[in-house]
Amino acid sequence: VKSQNTTTDEQAVGQALALCEALLSERGEVSGARLAAQMLAAYQALDATARDVFLGRLAAAFNPNQDDLIRGARRYATDPSVETLARLRTAIESPRQELFRRTNQAQGGTAALIDMRRQLLATLGAHPERAGVDADLAGLFRAWFNRGFLNLQRIDWHTPAVILERLIQYEAVHEIKGWGDLHRRLEGDRRCYAFFHPALPDEPLIFIEVALTRGLPPNVQTLLDPDSPISDASKATSAIFYSITNCQDGLRGISFGNFLIKQVVEDLGREFPRLELFATLSPVPGFRQWLRSAGPELSYSQALDTLLGAVTRVPGAGAATGPRRRASDQMSATRPLASVSPELRAEITTLCADYLVRAKRHGAPLDPVARFHLANGARLERLNWMADSSPAGLSRSLGIMVNYVYRADELERNHEAYARHGIVVASPRVTRTLARKIPRRRASA
Amino acid sequence: VKSQNTTTDEQAVGQALALCEALLSERGEVSGARLAAQMLAAYQALDATARDVFLGRLAAAFNPNQDDLIRGARRYATDPSVETLARLRTAIESPRQELFRRTNQAQGGTAALIDMRRQLLATLGAHPERAGVDADLAGLFRAWFNRGFLNLQRIDWHTPAVILERLIQYEAVHEIKGWGDLHRRLEGDRRCYAFFHPALPDEPLIFIEVALTRGLPPNVQTLLDPDSPISDASKATSAIFYSITNCQDGLRGISFGNFLIKQVVEDLGREFPRLELFATLSPVPGFRQWLRSAGPELSYSQALDTLLGAVTRVPGAGAATGPRRRASDQMSATRPLASVSPELRAEITTLCADYLVRAKRHGAPLDPVARFHLANGARLERLNWMADSSPAGLSRSLGIMVNYVYRADELERNHEAYARHGIVVASPRVTRTLARKIPRRRASA
Amino acid sequence: VKSQNTTTDEQAVGQALALCEALLSERGEVSGARLAAQMLAAYQALDATARDVFLGRLAAAFNPNQDDLIRGARRYATDPSVETLARLRTAIESPRQELFRRTNQAQGGTAALIDMRRQLLATLGAHPERAGVDADLAGLFRAWFNRGFLNLQRIDWHTPAVILERLIQYEAVHEIKGWGDLHRRLEGDRRCYAFFHPALPDEPLIFIEVALTRGLPPNVQTLLDPDSPISDASKATSAIFYSITNCQDGLRGISFGNFLIKQVVEDLGREFPRLELFATLSPVPGFRQWLRSAGPELSYSQALDTLLGAVTRVPGAGAATGPRRRASDQMSATRPLASVSPELRAEITTLCADYLVRAKRHGAPLDPVARFHLANGARLERLNWMADSSPAGLSRSLGIMVNYVYRADELERNHEAYARHGIVVASPRVTRTLARKIPRRRASA
Amino acid sequence: VKSQNTTTDEQAVGQALALCEALLSERGEVSGARLAAQMLAAYQALDATARDVFLGRLAAAFNPNQDDLIRGARRYATDPSVETLARLRTAIESPRQELFRRTNQAQGGTAALIDMRRQLLATLGAHPERAGVDADLAGLFRAWFNRGFLNLQRIDWHTPAVILERLIQYEAVHEIKGWGDLHRRLEGDRRCYAFFHPALPDEPLIFIEVALTRGLPPNVQTLLDPDSPISDASKATSAIFYSITNCQDGLRGISFGNFLIKQVVEDLGREFPRLELFATLSPVPGFRQWLRSAGPELSYSQALDTLLGAVTRVPGAGAATGPRRRASDQMSATRPLASVSPELRAEITTLCADYLVRAKRHGAPLDPVARFHLANGARLERLNWMADSSPAGLSRSLGIMVNYVYRADELERNHEAYARHGIVVASPRVTRTLARKIPRRRASA
């Protein structure tokens, strides 16, 4: 039975590839849209195994002609000129990229190609030889999803349900617990914006959630409470970016967040002239894990050691993204942290500042969220104790969240300091916290 | 005074280039949209001479690093692998393309880049070394203006005036003589469609004009008459494509016409199930000129020789695209041709068929309109005597126009015949005309 | 304390009325929109008691001048002419109507007036003297909500959430149990349409839910099951209207349903040429109550008597529109009916047909849903046993539902028969059911 | 032959009326939209004579039942109560109004009814007995075209051509001389707004043209010059309303201008915070005619008498709205006025102020444009010599134009003064002009 299946798969993959060939041939020039649609349908009809085979074949075929390419490379190396460069360029262009360009003629082609790359990326670890396919897709996407083609749309309760449902599905930072929760996040004292591409009108590429508040909120629970009273946005002094989510796995590496935050800061500033502060309330996703793994190197207190053990045993707090759990879990999860001594609290906070500012790899901070905002030119403003008491928050960072502040007039300077010299720009407050430094064990330990 | 101007220009060009540098630098990552807007403003403020200097500098700078590229080329030539290929690819990418990509972040960036290429193309003949700049822009445009991102829009009297005005300006085949003329071309028995790109909502990329008729119309004058009665489109049996215009010089080489015609054929077929025939009524732009220049080679009659002389002396008929002229000119222009003998008419028609089917360079027909429709898979159906009696029509082709017919079920076959073997697919009627062949002079003559 | 409140109320009502005066005065001609907005704000700030007082004052003031009116009436009665009629017309127009007309200038005025009438209607039973206010509002609404100004919109998953949420709130026939339930009702094999007025873009006036099926479905449970598989709409032969809801209490008496059904029948017929049958699956809201109250007059069986008692005792089945209840309730509710004998089932069905066809008041059927569809020209097609097993369904009609069929070519005829002669047009099948007549007790009994 | 035509007409009118009957009958309740469409088609197919007959019949039929009405009138006169009033109201409602309400169900019904009233109004002088038909239509229109349902739309070069073409056709104050002229009026330093009703998306109801200037322009020629340079709107200090046109004859008596001006003043004030002055530049349509006809009563100078004679003889200046004429005409028309003595100029200006402020009938100014702006609460600000040198301008007012100024904070006061006491609010400047009073002849003269 199995061999029969394999045969069927083999045939189906063969047909999909034959359609790729046709699409690249003379026929493709005349009947591109139809052949593209057929090819995509054939691909989408494949099961997971067959798709994997198909992606492998795609990597093996439709590559530049190696002989031409070697010849072109040699010629250019011997005689570098406008002409030999142009010819080398022609030789290096992979027919696969033209294949993908033509595929895009089909109705829904862009979405299908994004999905194809999503699947491809999942196999890239096991199949590094497929990198060329990824490069071809990524190259096209980089051109197609240029900032100049994206539309910033405000998301509110007038937005079509099909898009709102996607927000519920995609939200990666603070889970949206149904339509009621979502509705609260779209009320008058909240803002939500997303980037859309004209070819994907129902698919947000990235979205950001903002709370308009007076002052910096001490924690995210207050912001997320679906029953909290709605405040008057026109009196807000701060815009708090409390969640930002990239929606399309297949667009990995094509960055939107940077543009999104800047655009939203600008638009909000125009709409609400009273706003003085634009800051995130961000998770510190790698802190707890770093604490544990860096433990031997750090000489942190016995109390912290005990606490770390306790947090890890709490149901749901051990995994970064666990399944949805009940309120009772959450309560028990926060317990070990509820009655922490001032000393321990200070110790943890200092360690977290240390993690954010000094813990680096290849010159860049270990923490991915920190990397993102610092590269955007934001500055590390403040650490907030018990600001995310959800199991996920405890698991990520013992409940600590941080504010990164966006100030239009220092973004360029901060970015350059970070990008050229790896400097983490931090507020005086954070700098003071860092002064209370934890002694590291000696390397010999 | 001149030297001062030159200094000013030099400074202005220098500033524009400095903004290009900034846009490509770290600052560009943070303040891309602003820097892009400043750079474009600086470029647009340059006068013609200064722009030319700027384009020259652009060609000289922002190229791939030659040493890296030579090294990458050698490595690949020695050891062709996924990795060496990837590295060569990175080395070959020109920073200029990234510059253009970032430029597109500015409001109106896409339009500005198209315009920049339009200006560049005008200088390319004199400056072949600027081909690299063109390649970078064309490469981006090929990705950006993918068929999958274009919207087909019907143009009618409900279309915004800003777009209709562009149609009047751009129309390249049969001049639109003001708003009244345009209105007639958008009535119930006519259709007009254009492709738009989401980033250029007011700018048609290409548009096509269609008349819905009963049978093949004998000439274009009837179709163009602004006072002709409006017929009932639901009774039409033929859709006549009588004008197709590419609007953006800066998008030269990015083909839309092919997609446009096929889409329109499909859409019209759905809207009007009675339509049996989809045909163009096309000019033969190179015929008269070919006749004259090929004269020594052909042994055409004395009568034709006289006629050619007469037509050329007619005011306005000598130049392919003359200034707008009065009705009296037009009348006098048609006079030499009004009373042509049947023999001469047959001779000219046969010569024209010969020109379309047999006159080739590098295996492709000399006539550019023929090349376009044949490459799309259409077939040469019929030659129409005195079908365009305007000065332009006489000047182009002694008034002859042709029909190319689009039949869904033979497009692929025709295209392949043409693309692979250079075969011009023609109707039996045209083939019969060709049988009456004109004797060619011997090469010695 | 109470007297103080009363004073405050009195003042607030006085202010609202003063704004009404101002709006009707010269000032209202210049500053209508502003005064209207102020007046509405003042009204909306009143609490329930104060609003009631306000409505009473509105009824007492702003009436036609009685002396003028009597004079006009006398003159017309004495000398009926175009002029005396025109003058009587002027005299009879109530200033209140002009007040409402000017109120409509405020942003959101139309919605506010609809809401005012909703509140007024609730007090009309206790205050028949307010009928004039109602007449003024109803007169305006009849003009404003003319069919010619309503837009039919398809409601689907692309509809803004703000509208979908209203559907969940308003649905009056088969409760929508959250967003998942709603989503199922908007899938490919379902259709939902609503009428909107341009001044109320977020407020459906009426909506209808349609299932596209093969054949007549035996019950509504299948249609409502949120987990039912989605079928292929293009293969459907029947369009089943299973729910129709008037949304705006304040528009009572302005009929939309008639127009809505006809428009939807037409549109669906165009979209799905295979559809042969357009039928409702309708509740019989008054049947159980009629059975009980008409009991003494009818000689129905002991078994039925027992059953009626049992159904009434079932939790939740006693009230027409009870609170939302759990599945377990529903199960127990259907139990008495699950194992009914064929004889009893026949008896009940016949009684229901009798109720629908013969039970009348003032010549019209007792059942309001029957009145609606018969007045539209539909015919009573079929009774369906246990077609609505929800507590509401049992409570309304012992679970029976009926199909009314809309056939374009007999609507006018059926409507005339019904409107002129009170004839209930029924299918042969229903007629046969009626033949099995239940003996009525003699009048003396 | 004639009698046959009459028969045909008679039949056609009869058919149209029969469709009216059907529409009002039971059938109309079921098939309203279809019958309405048929009725309108039948009416529109009638020629002018037949339409007139039809309108006469419409006036004779579909009236309230006179007996019922007399009975209702008597009852109310005897016993005035809520009930007798309600019954009288029912009796007075004309079935014709219900007929028109149902007519509106047809696609395009609203436009057709407006057109019907336009035709009706043209016959009302000769047929006063048709006033009831007009009252029915006007009553509906007053409800339907309530300000609350109108949309203010900015008109610019992005507006669909179908609407722009209507502006060219409708413009009643300063003729738009083709598309180029229109385009200039829609440039950055101009604004144009129109009211639209949702049922007539392509039909402006009224539109206003505004020039954004620095200071009050001395004449309208400068504003209308299609070749004038485009100035920077953001630096403007004045908004000059130089043309306002009611587009729909069939909506006569339903006023929009008042709302339009106020809305535009508000919107422009928000868009351009620098604007300090909102003023019209208005014609004085009745001045020259008043001068001539009031001549015997006034003792104006011999010089003026001569001038009046000269102006009247100028080609094209004699008629208020003459056919379009050549520039040479216009030049010669201005000649008599070009070299007027300072004394005569002062005399004419004073007379014009006199005409505007003191010449009244029934307590209201004679000049219709003055009545309109004064009733809106504007004040008469300034008279401008030779401000409209077109033939129409000379003919209307010897070239004089006036500014009416709209100041938000005095509109209510001015309006009340005008509406209650007939006071023409004028600036000190105008008041000073009036002081130079022209001696009137004694009544005996």
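The first chain written gets the first letter, and so on, giving A, B, C and D; residue counts start at 1 in each chain.
By our rule, a contact is a pair of C-beta atoms (placed from the backbone, for glycine too) under 8 Å apart; a residue touches a chain by one contact, two chains touch by 3 or more.
From a predicted model like this one, the values you see are computed outputs, not experimental measurements.
A.B. asks: Report the chain whose CA-based centre is farthest from the CA-based centre of chain D.
C.D. replies: The most distant chain relative to chain D turns out to be A.
A.B. asks: Measure off the straight-line distance from the CA centroid of chain B to the CA centroid of chain D, and report it in whole Å.
C.D. replies: That pair's centroid distance is 50 Å.
A.B. asks: I'd like the Å distance between the centres of chain B and chain C, where a centre is the mean of that chain's Cα atoms.
C.D. replies: A distance of 61 Å separates the two centres.
A.B. asks: Where the centres are mean C-alpha positions, what is the separation of chain C from chain D, in Å?
C.D. replies: Computed value for the inter-centroid distance: 43 Å.
A.B. asks: At least two other chains touched by the same residue of chain C: list those residues.
C.D. replies: Chain C, residues with two or more chain partners: not present.
A.B. asks: For the protein chains shown, what form does their contact graph take: line, ring, star, complete or other?
C.D. replies: ring
A.B. asks: According to the definition already given, which pairs of chains are in contact?
C.D. replies: Listed in label order, the chain pairs in contact are A-B, A-C, B-D, C-D.
A.B. asks: List the residues on chain B that touch chain D in their complex, please.
C.D. replies: Residues of chain B touching chain D: 157-162, 164-165, 178-179, 183, 202.
A.B. asks: Which residues of chain A touch chain B once you look at their complex with the stated criterion?
C.D. replies: 26-27, 29-33, 64, 66, 69-70, 72-74, 76-77, 80, 82, 85-86, 88-89, 92, 101, 104-106, 109-110, 128-129, 131-132, 135, 140, 142-144, 146-149, 198-199, 258-259, 262, 375-377, 411-412, 415-416, 419-420
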